[in-house]
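Common to both upcoming complexes is subunit A, partnered first by subunit B, then by subunit C.
On to the complex of A and B.
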């Protein structure tokens, strides 16, 4: 069997060298992967450039305020007019799997005013562009690689039968299983080689850190390729025509890569509705706006319940004072605290449910895994939003002493202002879960293929 | 004497259709047996049963005393097969195709030996390293013959081997069969070619509607008598 396999592999290599369609498919996947790497890199470079430009904007804003307030300033003026940025720094692997970084904001412009509206404000983006997602290496591996595998496997047996080469080959002392194994092994080796080349090129070209994630990407895509080889094998052993195999395999591809993720999305939204978002925004807005009309004493009384250390602040006598303004902004945020916690927990539950549902679709599972490895998944974004909210707390902790002790804000005080960078990280738990899921799905597919093989006629004619 | 090919009540049904009615047949080493019959008579079904490409409904096929259904891989060490249409890998040369087939058969021939088999089968030397996509039917047939020669098989199964070959190539093929027979190879051949069958075979069987209706030694009748006998069966 070993010698026969060696012979078959060598023959497949000879055929591959001269078979233009196979070479063309391999070249196409390399080109698509190359463009995916380039495109993902361009997107993350654009984000990095925008993030580094934020510092210039920040410094310009400070320079403007210094010019406007040449000596000292009321901290309320600074808190209101001065914008600081919370930034979600991409991981070095983000370019290979852009994930949700193109859909969610990767920086937030924050002021001292109520935070909740600021956390969910982002730039308008073309929804069509968002729907298609980024063309990155992960896209090529998740969506196009299965097509390549199908293209090189769908007629692996049927073409030999239809062409007539099978009779002569199988009149030699080798079993059909060995013959198919040889052909599948060659193709599998070719796919693994192409994927490894693409991952290596991706790491080199995007500057992704050559850490354990190289192995994670390689293992996950190898398992994923095995899954698709298993699917192809299940149809090959049915011994139907090339046309039948092609139609069925494309149907499976459509079902698993397009329909299943869409259904998962819809099911997770229906099963785990998150209605608190709108309620939260409206409630906070109403509370803040109502703050203008409420008696100042009542506002301060409620504010001091949370910040008793400022109870001795000087009383507000005029119609307007920044400390009163920021007090009711603070109360606006606090009024939606429980709604916000519910909102966050429901988002988290929905994300977890979606990840669990992904088990029915290997493409969705691989996408979850690659996004988790690059820190570009929803979890990473939620982590960033949480971190931005904590940053807003730090801002308040910095500015409130100025406001509530009537301390003037000096030019030097800009230097002490807190800054924010949230570094995206890979999510080991999500990676492990997705890897186990991929392994389980792959085993299931091969078990199904073996059962089909057992129940299919062994006759060749 | 031991038989190298044997059918014991071998039969094959496809749903309600009886493609091969119980067949009993034995071939000794060096014997050439031709199976005559019209299309659909069951000749190819018989060959496919000996190859293990299809499973028998009843009885058994044996090659070198091994039951085909029980030893589907091992029996192929003892037989070589040349189909009506030898289809090779078109992107590979005749040499590479032969190298593949003989290697799968378990042989490690060097280039000289492989070239020798191809030349003995009658393939022109200049065609040996050409892609077989450019070969004529006859040239492909010769690579099939070379593969059979290289396999040094005890049994040669031929399904309409001379169909589409020109008279010269058919004649060369007949000579080759006689040589192989002299070397001890048993040949089981399904054919329409009554004259060629009469010329090379030691025994001839006539098959009709899945049944072996007549068997005779080739020296019992001349070619014209054989043709008449054959046509009589076909008109019944």
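On to the complex of A and C.
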């Protein structure tokens, strides 16, 4: 048995060297993977360059304000005219799985005014490009790798039958299942080798940190390849024609990579609509602008409840004072806080529903895993927005003492202003969950394939 | 004889259980897509109409205010769903839906669906267009890949040829037969989908809408014809069913899965878009230092004031019969809006150039051609989005200038206290958006229209000719 397998693998190697189609497919997947690595890297590099350019814009803005207020300034003027950037730095693995980083803004321009309508700004991106999606290594592995596996496996048995070489094979002292196993093992080895090559190239070329995630990527894609080999095997042992196999396998691919995720998405969007974003923007405008008409005492009373330390500062007597303006800006933010929490929890629960449902689709599960590993998923973005809000609190903590103690804002004070960088991180919980799911569905597929095999072997004898 | 042959293909397709099963699956998916499309269309439409009404109501019910307060209170524009959008969501999921329109500043359109969804969305969407663009071609390939090869393998073709038929005649007959078989599936499904569409629109349909629908259906017929004729052609030119099928599936994967991603990525690598922060900075810089760099804002304002004093023959601004505050703001708004429009046009042009890589690739790949034509007709392409953004910017500008005009004519110099009557906002017309005409929509995608027609035309002309020339038994 062992020797027969060895011979078989060796025969397959000889076949591989001579059969052009297998070689061609292998080259194609390498080529696609190479382009994926290149274009993912270009995308993330551009984001990094744009983020570092923000610093120039920030310094320009400060230079302009220094020129406008040459000696001292009212901190209110600075808070109103000065913009600071909250930035979402990509993880070193982001280039291999760009995820949602192209769709969500990776920086937010913040001023001291009410924060809520500053959190949802979108970036200049071509919607056509967004709709088509990124051509990164994750795309090649999630979408194209199964097609590659199908292309090299769909006719393993049927081709022998159709070429008339089957009888010859069966006349040898090996069983049909050993024969198929040998062929499949050879191809599986080839796929794992190619994927490992691509991942290694990706890590080297994009500068991804060679940490535990190399192993995560390798094991996830190996499991994923096993899943697809299992699917192919289930169809091969049915012993139908090559054409039948090709069509059915492509059908399964279509079902799992496009139709199932699309249906899950429709279900989660229709069943859990999120309208709070728009609602809270509208409400916040009402609250903030009503601030102009409300008696100042009332505004300050509500404000000081949150900031008792400023209660005994000088009162506002005139028509306008910055501290009064920023007080009602903050009250506007606070008035929509509960709506904002609802908005967040609805987004979360919608994403969770989609993630739970996506266990029916191995491709969707792998994509979730790779995005979580690179910190490029929705969770990472929500984490960034959350951290941008905390940053806005820090800005207020920096500016309010100037405003409420009537302290002049000096040129040196720009240097003390807080800055913000949020470093995207991988999400271990999501990775583990997705890995377990992948393992489970791979096992299920193998069980199904074995059952099919049991039912069909009897016919052959 | 040809009629009989066509009849034979139709009958055998109808008797082929696999075709019936696949056809049923596709009709089912088409129905799922249409129904979920209607549901989400209704949901989003209602959301946005309600939000627009709420925002308009808020604006109209503002109390007496200083006009510049109102300019900062601002207004909102929500992008209405186009009536055909449920056939093809196009880019709608990826474009912002809500624009805040205030004085001095152009804001981005926010709350796109993609920003509020997880990564699953990026796998694609279940829409009528998806079924028509991806799945029907697969059905066609499945139906026809062995139409010639099988007859070659079973040697029935020789019998047919010995009856005095030419290969071209047989090919035409097959085309006819398969077209009829496909029509059995597609026509009823599309009729039901169109009916749903009309119902979703409350049965009100103007000429432009009907024209869009009509061209939409015609464009897809051309698309199906391309795949049908191409698939029969490949079957005729191949010796074995297996090689014909592999070639066809390879073409399908290339056309629908790989090439669109490559061209879209290529386009965005070739042409860089400035970030919103960069663009804002450019607009701000040009507005304060002058578009030519040596015409700064203070200088412009000083000259404007001088001209005004001369015009009214007075010595100081407080003597002017109009309030110079409002006029200066109107001047500033006009100038900065001009700068912004310039930058925005550059941005829209960059988007256009990025996408044009994919559009030109339509000459090689009919999938890309139908994709753009379909989105254009559904009103869900980038051009319609830009059109909406421009309409919102136009409204923003007019509103700001209207309020500046009130400021200039009804308030005194440096008057920050007086509040103008609430009727001023109550009677101001709310934002309404009108979709451009179908001619405009197609005019943005001439390359794709031409590519689709060219493919259809070329296959029509060369279908029988190529078969006659290169056919071997």
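Note that in this section the second predicted complex is superposed on the first by the 455 of 461 C-alpha atoms of A that agree within 3 Å, B and C clash if a C-alpha of one lies under 4 Å from a C-alpha of the other, contacts with A are read in each partner's own complex, and residues count from 1 in each chain.
One rule holds for everything that comes next: a residue touches a chain if its C-beta (ideal position, glycine included) is under 8 Å from a C-beta of that chain, and two chains touch if they have at least 3 such contacts.
No experiment lies behind these values; they were computed from the predicted model shown.
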| item | value |
| --- | --- |
| Partners on subunit A (subunit B, subunit C) - clash or fit | fit |
| Which of subunit B and subunit C A:278 touches, first, second, both or neither | second |
| Subunit A as apex of subunit B and subunit C, Cα-centre angle in degrees (nearest 10) | 90 |
| Partner chain(s) touched by A:170 [first = subunit B, second = subunit C, both, neither] | first |
| First (subunit B), second (subunit C), both or neither touched by A:11 | first |
| Touched partner set for A:3, first subunit B, second subunit C, both or neither | first |
| Contact breadth on subunit A, by residue count: subunit C or subunit B | C |
| First, second, both or neither for A:368, with subunit B first and subunit C second | second |
| Contacts of A:435 with subunit B and subunit C, given as first, second, both or neither | neither |
| Minimum C-alpha spacing, chains overlaid - subunit B and subunit C, in Å | 16 |
| Contact set on subunit C toward subunit A in their complex | 29, 32, 36, 39-40, 43, 47, 51, 54-55, 58, 63, 69, 72-74, 76, 78, 90-91, 93-98, 100, 107-126, 130, 134-135, 138, 142, 145-146, 241-242, 245-246, 249, 253, 257-258, 260-262, 264-265, 267-269, 272-281, 347, 350-351, 354-355, 358, 381-382, 385, 416-417 |
| Residue ranges of subunit A touching subunit C (in the complex, touch as defined) | 32, 35, 39, 42, 46, 50, 53-54, 57, 60-61, 85, 99-100, 103-105, 107, 109, 117, 120-135, 139, 143-144, 147, 155, 162, 242-243, 246-247, 250, 254, 257-259, 261-266, 268-270, 273-275, 277-279, 281-282, 285-286, 289, 292-293, 319-320, 347, 350-351, 354-355, 358, 363-364, 367-368, 371, 377-378 |
| Contact set on subunit A toward subunit B in their complex | 3-4, 7-8, 11, 14-15, 18-19, 163-165, 167-175, 457-461 |
| Complex contact set, residues of subunit B against subunit A | 48, 51, 53-55, 72-74, 76-77, 79-81, 83, 85-89, 91-92, 96, 100-101, 103-106, 131, 144, 147, 151, 157 |
